[in-house]
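Common to both upcoming complexes is chain A, partnered first by chain B, then by chain C.
And now, the complex of A and B:
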C-alpha cells in the first residue's frame, strides 16, 4: 500500500520535529526547575534566535559561527531583561498574573521583532551542505543530524549542571523547597535570573538550528512555544528527560498523523494529545516531581 | 462610613465627604460582596444606568456608538468570565471559543436555515452552554496552570476545527451576510439601536449575575475559590458548582457571540483566537476580580485603548504588550480597587494632616 511506503520518511521528519519541540520544552523545564513560573515568551526566544542570526549574517555580513554566537548572546540578554522588567516586579503576584504578563511580553517581543527585522519569513543556510544523505531509502538532510546532536549535547550539559555543580543544585532547591532554599542562604532571585538566561540561551540555540529547516518569521514563536509546552507536560512536568521524550513523542505522533488525517488538522493533534494527557495522566509519561498526584 | 465614630459633624468634613461620595459613585464597592444589603438600587447604580442610557444621545458620534457596542459585547464576555475567574477562582484561556461557537451558531442558523435572529440568539447560548458542559465535564477537575492550559488547548482546537470544516463554517473565509438582529419586525440596523440592544442585554445579564452572586450558589462560588477542600467539607458539591459556573460563563459568551455575528454581519475564525481570550482575562483583571462592575469597566477601558492604539499602525501591538505588562505590574488587583484604596487613603491622610496642623490631634 502506498501509505505505508511513506511511514519511514514521516518517522524521520517526525524525529527532527520532535527534537525541536524537545529543545523548546527544555527551555520551559529549565525555568520550571528554578521557580514555578511558566514563561509563555519561550517561543519568542526561539524566534529571536533565528531572526537575529539571519540579520547578523545577511545584514551585517558576519561569519556564520560568530553570528550564531552573537545572536545567542543577544537573546540571553533579552531573557535577563525579561526577568528584570516583568518577572521580578511580579514575584509576589498570583500565578495567573505572571502567566498573562508573560503572554504580554510574548506579544511585545514578536511584534517588535517584526518592526526591527521585517515580517518576511527567513531561512538560514544549512550548517553543512544541503545534499541529503540516503540511508535505506530514507533521505535525511544533514541539518537534522545537527539538531539531534545538539539536543543530546544540551541534555548532557543540563544533566551535568543540575547534578554536578553547586549553582545547578541551588537552582533546583529554590524551586522544590523555597523556604528551605532561603534558610540555606540561596538567593532565589539570582537563581531564577540565571534560569531565565539559560532558558533564553537554549531557546536561541533551538531557533538557530530550526531556521535552516523551517522558515522562521515573527509570528512563528507562539505556536512553537505552545508545542514545546505541550511536550514538556506530555513527558513529565519539570524533568529534562521528560521534556526530551515528550518532544519526540509529540513530533513523531504529529508527523505520523499526516498519513491518516488531512494536514490542516495537524495543529489540532497536539492539543488533542494535550487534553488526553491532562485527563488521564497529568504527571506526564515519566512522572513529575512537581505534580502531586493526590490533587487530581 | 467616614465619620460614623464622630458625634459632631464639622463643616470642613465636607472637604473629604463630598469627594468620597463622588468617588463612591464611580469606584466599585468591594464591601458589597460580603454584606447582606437591600436589593434596591442605590445611588451608584442609578448613576451608572443614567450614564449608559443618556451618553449616546449626548455624544452623537457614530464611531463612539460603534466602539461602545464592541465594548458592550466584550463586557458581556468579561462578565461571564468574571463569574468563572473572579468568583469561582478558576483560570480559563479558552473563553473566546464559546464566543466563536455562539457567533457561528447564529451565522449558520440565520444564513442557511433562515432562522429568525431572536431564535438564533437563544440557540447560540444553548449551543455554547452545551459545548461547555461537554468540554467542562472532563477538564474541570484540573487546577491552576493545568486548567489554563487545557482550556487554551480547547480554544486552539476549536480554531482548527472551524478552519478545516469548510462545508459547515466556510473555512478561513467565514460566513457573510448575516441579517441584522430583529425582534418582531423591529430591525436593529443603526449603531445607536445596536448600542441599546447590546447594553440592554448586558444590563439583563448583569442583573442576573448580581442576584446570582448573592444567592446560595454565588456564595458557593466564593467558597470554592477560597478552598475547594473546605467547600467540600461543608457539603458544597464542588464539581457541580464548577461545571455550573463554566456553563453559565459559556452561555453568556454565546449571547455575546450571537450579538457580534448580527452586528458585524460576518463570522470569521480570526476573531476568536487566543488573543481575544487573553484580552478577556485582562479585562477581568484590570477591572478588578470579585466584583461585577470590574469586568464592564475593564472592557470599556481596553476596547478604547485598542481603538486608540489603532492610530499607531504597526506599533500598536508592541505598545499594547507593554501596556498589558505595566497594568499587571502596577494594578494586579484591578485599577478600580487599587485606585479607590489609594484615593481614599490620600483623602483620609489629607484630612488628618489638616487637623494635626491645627493642633487638634
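And now, the complex of A and C:
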C-alpha cells in the first residue's frame, strides 16, 4: 500500500491534535512562568470549558457566543478560587505538596462536574458548519481552522502580555527571581493569582474549541492534561513558544506514527517521545529557562 | 435527687426497649426477599446506571404494591462499585456473606463481570448480568451466571440478516480493541461468509478512549476504494461510534455504515449529529417502543413500561432501562415459581427453568445449556433518520 499518499491527511489530523495539546500546554506554562507550580488541574479547566458551555447552551438555552463567554468567565472564577482555596494556603509548603494538592483539586473538579452535569460525553455544535473543505485531496473540518487560528492568536496575546505590559513582565519576574521581584515591590501573591485566572481562561477557550471535534466528558481532562504536560516538557519547560512547538510535534508524531505502526501503540508513542527527550535533551527542544539554571 | 434521676433514665430505657421489642408485632409482614445490586453508580457509567436504578425501583414498587411474591415484599440493596474492580469484588463478597440475599444483579462493565461471575460460581449465588459480556467469560458455561442482554452471537446474526437484506456483498469491519468488539467482528465474519458475503476485518483497531479516529480511517480509506466495499461496520460502543462516523464522513467516504446495538441510545445521535444519518443496526425492541408491530407479544409490556417511566421520572425508556425491567421481571417470575422455602439454590433452579417469559427485550428461555435467554427474533432493525430511530422492516425478516 502506498504509505506516502496518507501523509498529507495524517499531517492535517496531527496538526489539529497538536493545536489542542499546545493550548493545554500554554496553560501549564502560564502558571509555571509566574510561580514554578505545576498545576495538574489544567486539564480540568479544559473539560470545564466544554462542559459548562454545553450546559449553558442546552440547559439554559443561551445563545452560543454568550454561552461561551459566560463559561469562560465561570472557569476563570474557578481558577481564581482554586488559587485562593488550595494554592494560597500552601504558599509556604514545598513544591511537591502543592503539586499533590493540584492533583487533588483535579479529582475534585472532575467529580463535581460529573455530579452537576452528568457523565455522558457532550458535543457542542461546530462554529461554522460541518461541511469539510477539500484542499488538494485533504479534507479539513472548518472547526480545525478555528482551533489553529485561536492558538496563534493566544500565542500573540501572551507574547504581547509578557513583553509589552507591566503586569506581564511582573508576572515573569516573580518566577525567575522571587527575591528581586519582592525587592521591587511586586506582589507575588497577586501575580500568581492572576496567572491562575489566565491559565484557566486559556483552558476554557481550549475546551470550547475542541468540544465540537472531540467529545468532552467529566473525565476527559485527565488525559488532555497529561498530553499537554508532555507537550510543555517536550517543547521546553516554561516557554510559550516551546509549549506550542511541543504540542504540534507531539500531535503530528502521534498521528504520523500510525502510518508506520499499528494503531494500538498510538498512546505509547507520546510517552516514548517524552522518555527520549528526558534522556537526551532534558531542556526540551527549545531549551528551558528553569531547567538550565537549576539542575543542568 | 440523684437517685430519682437515674431511676427516670432507667425507666425511659425500659420503655424504649419494650417499644422496640413490640414494633415487629405491629407490622405483620412476611420477611422480604433481598436482592443485591452491584452497580457502577459513580464513574463513567453513572448516568446509565442511574437509569438502571430508576427502572429497577419502578418495577420493585410495582411488584410490592401488587402484594409482592406470596406476601413477601422484594427488597433491593444497592452497592456502588465506582467502576472499580476491587470494589465490585468486595461488594459481591459482601452480598454472598449476607445469607438473606438471594441473588445479585450487575455489575455492568465487562472486566468487573468476569470477577463477580467467578465469585458467584465459588459462593453459589445467582449473578444476573445486565449488559452484553465478554465472550471468553460467557463461553465458560457457568452454572450460576445468567446473561439477560443480547449476546454477541445473536447481534452478529441479526446484522448479517440486515446486510443480506441490503444486498451488501463486501463489508469492512473496524472494531474496537477489546474482546467483546473483537468477537462481534469475528462472528459477523463467520456468519456472513457462511451466507456468501465477503467480510474484511481491518488490521487497524481503536480504543474506547480514542478521541480522533482519522489516522486509522485514513489507512482504511484506500482499502474501501480499491476493494469496492459496500458497507462499513463499526463494531464499537460508546463515544467512538459517533466519532468515527464523523471522521469517516469528513474524509469523504460515503458508503453506508453499520453499527452495533450499542448505537441505540439517544446520546449517540446527539454526539454524532448529521454524521449519524443513515446508520443502520440491529437493536433491542425498547429502542422503538411505539414502532413495533401491533401483534408483537412484548409491545404492551414495553409501552406500559415506557408510560410508567414517563409518569414517574419524565423520561422515556431505552435499552438499558429495558434490561433493568427484564432483570426484575425474571427475578419476580423465578421467585413465584419456587416451591417451598426460597433459597439460593432453588432460586437458581427456578431461574434456569424460565420458559417463554415475555418482557421488554423479548421472550426469555433459559435451560441448563443456555444461559443467554434471548434469541435473534428479539431484535429489530433500526435506521437513524432525521435524528431519530426509525424501525426498518424487510419482507421475510423480522
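In this text, the second predicted complex is superposed on the first by the 292 of 296 C-alpha atoms of A that agree within 3 Å, B and C clash if a C-alpha of one lies under 4 Å from a C-alpha of the other, contacts with A are read in each partner's own complex, and residues count from 1 in each chain.
Operating definition for what follows: a contact is a pair of C-beta atoms (placed from the backbone, for glycine too) under 8 Å apart; a residue touches a chain by one contact, two chains touch by 3 or more.
Computed from a predicted structure; not experimentally measured.
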Contacts of A:215 with chain B and chain C, given as first, second, both or neither: second
Which of chain B and chain C A:76 touches, first, second, both or neither: neither
First (chain B), second (chain C), both or neither touched by A:198: neither
First (chain B), second (chain C), both or neither touched by A:86: first
Which of chain B and chain C A:264 touches, first, second, both or neither: both
Partner chain(s) touched by A:118 [first = chain B, second = chain C, both, neither]: second
Which of chain B and chain C A:134 touches, first, second, both or neither: second
Overlap of the chain B and chain C footprints on chain A, listed as residue numbers: 111, 114, 262, 264, 267
Of chain B, residues touching chain A in the complex: 85, 91, 138-139, 141-146, 148-150, 152-154, 156-157, 160-161, 163-164, 274-275, 278, 281-282, 285, 314-315, 317-318, 320-322, 324-325, 328-329, 332
Chain A-touching residues of chain C, taken from the complex the two chains share: 42-48, 177, 203-207, 209-212, 214-216, 218-219, 222, 238-239, 242-243, 246, 249-252, 267, 270-275
Chain A to chain B touching residues, read off their complex: 38, 85-86, 89-90, 93-97, 99-101, 103-109, 111-112, 114-115, 222, 226, 229-230, 233, 262, 264-265, 267-268, 271-272, 274-275, 278-279, 282, 295-296
Residues of chain A touching chain C in the complex: 1-2, 5-6, 9-10, 13-14, 16-17, 111, 114, 118-123, 125, 130, 132, 134, 139, 141, 213-215, 217, 219-220, 223, 255, 258-259, 262-264, 266-267
